[in-house]
Amino acid sequence: MVKKPSEEEMALLYGQDVLSAKTLTFDQLQLILKTAAYYEDALVNKRRLYDMDGKIMASLFFEASTRTRLSFEAAMHRLGGSVVTVSETPQMQTSSTAKGETLHDAIRVVDGYVDVIVVRSPMTGAAQEAADAADHPVINAGDGTGQHPTQALLDIYTVLKEHGRIEGLKVAMLGDLKYGRTVHSLVYFLKHYGCDMIFVSPPQLMMPPEITAELRGEGIKVEETSDLKAAVAEADILYVTRIQRERFPSKEEYESVKDSYIVNDEVVAVAKEGMSILHPLPRVNEIAVSVDSYPGAAYFRQAHNGVPIRMALLALTTGNVR
Amino acid sequence: MVKKPSEEEMALLYGQDVLSAKTLTFDQLQLILKTAAYYEDALVNKRRLYDMDGKIMASLFFEASTRTRLSFEAAMHRLGGSVVTVSETPQMQTSSTAKGETLHDAIRVVDGYVDVIVVRSPMTGAAQEAADAADHPVINAGDGTGQHPTQALLDIYTVLKEHGRIEGLKVAMLGDLKYGRTVHSLVYFLKHYGCDMIFVSPPQLMMPPEITAELRGEGIKVEETSDLKAAVAEADILYVTRIQRERFPSKEEYESVKDSYIVNDEVVAVAKEGMSILHPLPRVNEIAVSVDSYPGAAYFRQAHNGVPIRMALLALTTGNVR
Amino acid sequence: MVKKPSEEEMALLYGQDVLSAKTLTFDQLQLILKTAAYYEDALVNKRRLYDMDGKIMASLFFEASTRTRLSFEAAMHRLGGSVVTVSETPQMQTSSTAKGETLHDAIRVVDGYVDVIVVRSPMTGAAQEAADAADHPVINAGDGTGQHPTQALLDIYTVLKEHGRIEGLKVAMLGDLKYGRTVHSLVYFLKHYGCDMIFVSPPQLMMPPEITAELRGEGIKVEETSDLKAAVAEADILYVTRIQRERFPSKEEYESVKDSYIVNDEVVAVAKEGMSILHPLPRVNEIAVSVDSYPGAAYFRQAHNGVPIRMALLALTTGNVR
């Protein structure tokens, strides 16, 4: 049985909000990974948990995100807790319009009904606004172009689980590195562990130079390339994201590059032994379905890791790890 | 620990529907307030309740009302029960059209799945129609221009909690007194306790004369005014409601009065010592945000009181107060 | 107390999907009816069940079907389990479009969150596609023009409950026998018991000849008629379905026949003593409201039978009958 964190460790997140990857300290990150492993062990061994028995989570999804919502709700149920849900209602999402209620007021009301609040919103900054209004912990389930810290946490947890370690791994990131918020957050976590990085993208969608500069400034080895096969030949992890047509000035330009960034059997054939493939999902065609049977195809396991990660966050922030 | 009601008292609501404020007797009202206090004590002391363990509530919201819905659902979960939800589906809401199913049939089916039904509908009379179809208790969560008894109950409960008594208080009501169903129900409850009342509104939105006549006929002291500051100088409670632009024949007429009915720091400055401010929420701009920090600003506490009030109603009507 | 099935019997459905009436063996059908009776006895006697305590059901309704959804969710709650819901979201329902995620991927993700999946979709074949993607049992709650096996199961269970037996009954089926998927599935089940059948419909909507041929080939006595009164004079069961205007080439043609297929007091007056009336609901005007008070009007009891039937399916497929 995996050991649960000590009281002292757990104090690091008790009563805290989880709003962005960047505001988590390394110790908090380690605590979350450790607690997730503790809960995953319970799930695997089908131990019935009562950690959040009698507690209520508000699942406030002002924007559709079925995967993330169900993962949070399943996490709360696995902890023995209850859930009240708002799904895709445009109501309550306007921040300070003359017609409607502010998000602040809406959250302050719901805060009195529940013990922890999960909020997803199309508005950048909504999670911070919710946290300012609530006394109970708020967990950001994605707010516009802002943050989506629980995705980054399940990504790094997946790296750890697939390889047994994070230190010393070489991580290739593929696709839209310019706009992809998941890769930006993941890079931030990987940096703590000194991972080498390879950024693979079309020139139009390269990692923002301020990020590569910051990484290099902290001693991280960074390569940038548009050659996917060269990258997979030496990477331990390939993190794939979708390249959206809308990011390109013309359809022609998009069509000319897109096939170079598809992960198919040919790409897998030249990959380093034991390479893992991750993807935040949903996947469209950037990974061929035939790749799913490759042992290193970890993206569905990655999605499933959302449950123990979110269990850890719910129980740690409310002080209910038992 | 707050005492729970006696078996004899509880019999007053067992098996009953809660359809309107007016059909509640004074003894039933007293029972609800007493039971809400009992449950609030349990919530404050974090006692895990099993009163409705194994029971199911149908939360049928044929009209969006997130605040009310989540409050009912949280109440059921706090009692240890389960919830099935219909949220904002237009389906099932048509009463007797050729195309669709009647509300009667829809409710009669759901009645066989659950132990108690909460129904919200845009149609006046829907709650009565549901109650006629169901064997289990039906609680009206608002039906069109009809009734919204649980709002009135949490309002009167808030008056009691904020002041420790209801008798002898002077209550000012502000805003749209003509159409506001919440003030009409609240007036009905306050009358039982002999409260003095001050109705503050623009001339277009005065309390209907039949209500003021009825109150005066029963010996209640009623003042009518359009002077907010004069009213707050002597009121123990200020109950604020929104004035909607649509109620006025022209935008000009609305603009000319609206600022006289906004509760801001200036208004609070001349209020009687210890005055409480209530509002059914959502609030738009009829109470300035700066007023939130005033100790008497009770509207968020009021919203939170919805949980113990609804716990009381769910447990009393089904005979599950334990 | 009704006896629960033996371990050996229960093995017949453990780990199985329930996708269509036709893929259920007669032994599986008998097991489901027996287990439903066992659970109904628990419901009637208000025994609190923990059979699926700690387990989660995904209630994935990619098409609105409030009755079926609430019935499944109530069933899971009555078994002590938890539910996560997707209701009417068009997202995730497209099967293999360029833009969106496949149903396969969506189900494979959710499969990692839960213990059993209930899926409703407007797409024929969606349930099979879901079952192919999931490791956990999938129960089809209706997929397009395909199958709706749980409706057929609650229908046959209702026949058994209303008459104490199925063998030897004469069953009349009324309405749209050409397109109605419920009658096709029910016929398939009734055949196992050697029931005589009377098919009552306008000529445009007769039972497909391949079905009547198959029945007759297996020795079932089949009559076809458009005379409702003659049919009810000898039937033990009258199974009513709606005749939709859209099925007719012209409004005139529809108008000319529709009144001949309405079940009203006049029809009931000539019915065989003890005849039961069933209907899958929702009912529009094909059964007069006045018929509801007839003792044999079984359609609301039929709808309520959905709960024990679905409890049986959830618990049997996951191996949780305790």
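A, B and C are the chain letters, set down in written order, and residue numbers restart from 1 in every chain.
Just so it is clear, contacts are C-beta pairs under 8 Å (C-beta built on N, C-alpha and C of every residue); 3 or more make two chains touch, one makes a residue touch a chain.
The structure presented is a predicted model; accordingly, all values stated were derived computationally and were not measured.
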Degree value of the rotation bringing chain A onto chain C, based on Cα positions, nearest 5: 120
Same or different contact residues where chain B meets its copy chain A, judged by the half mark: different
Centre distance in Å when chain A and chain B are each reduced to the mean of their C-alpha atoms: 41
Multi-chain contact sites of chain C, meaning residues that touch two or more partners: 85, 87
Chain B partner contacts - residues on chain C that touch it in the complex: 46, 48-49, 64, 66-67, 70-71, 73-74, 77-78, 80, 83, 85, 87-88, 281-285, 300-301, 303-304, 306-307
Contacting residues of chain A [partner chain B, same complex]: 53-54, 56, 58, 82, 84-87, 89, 91-92, 98-101, 105-106, 108-110, 112-114
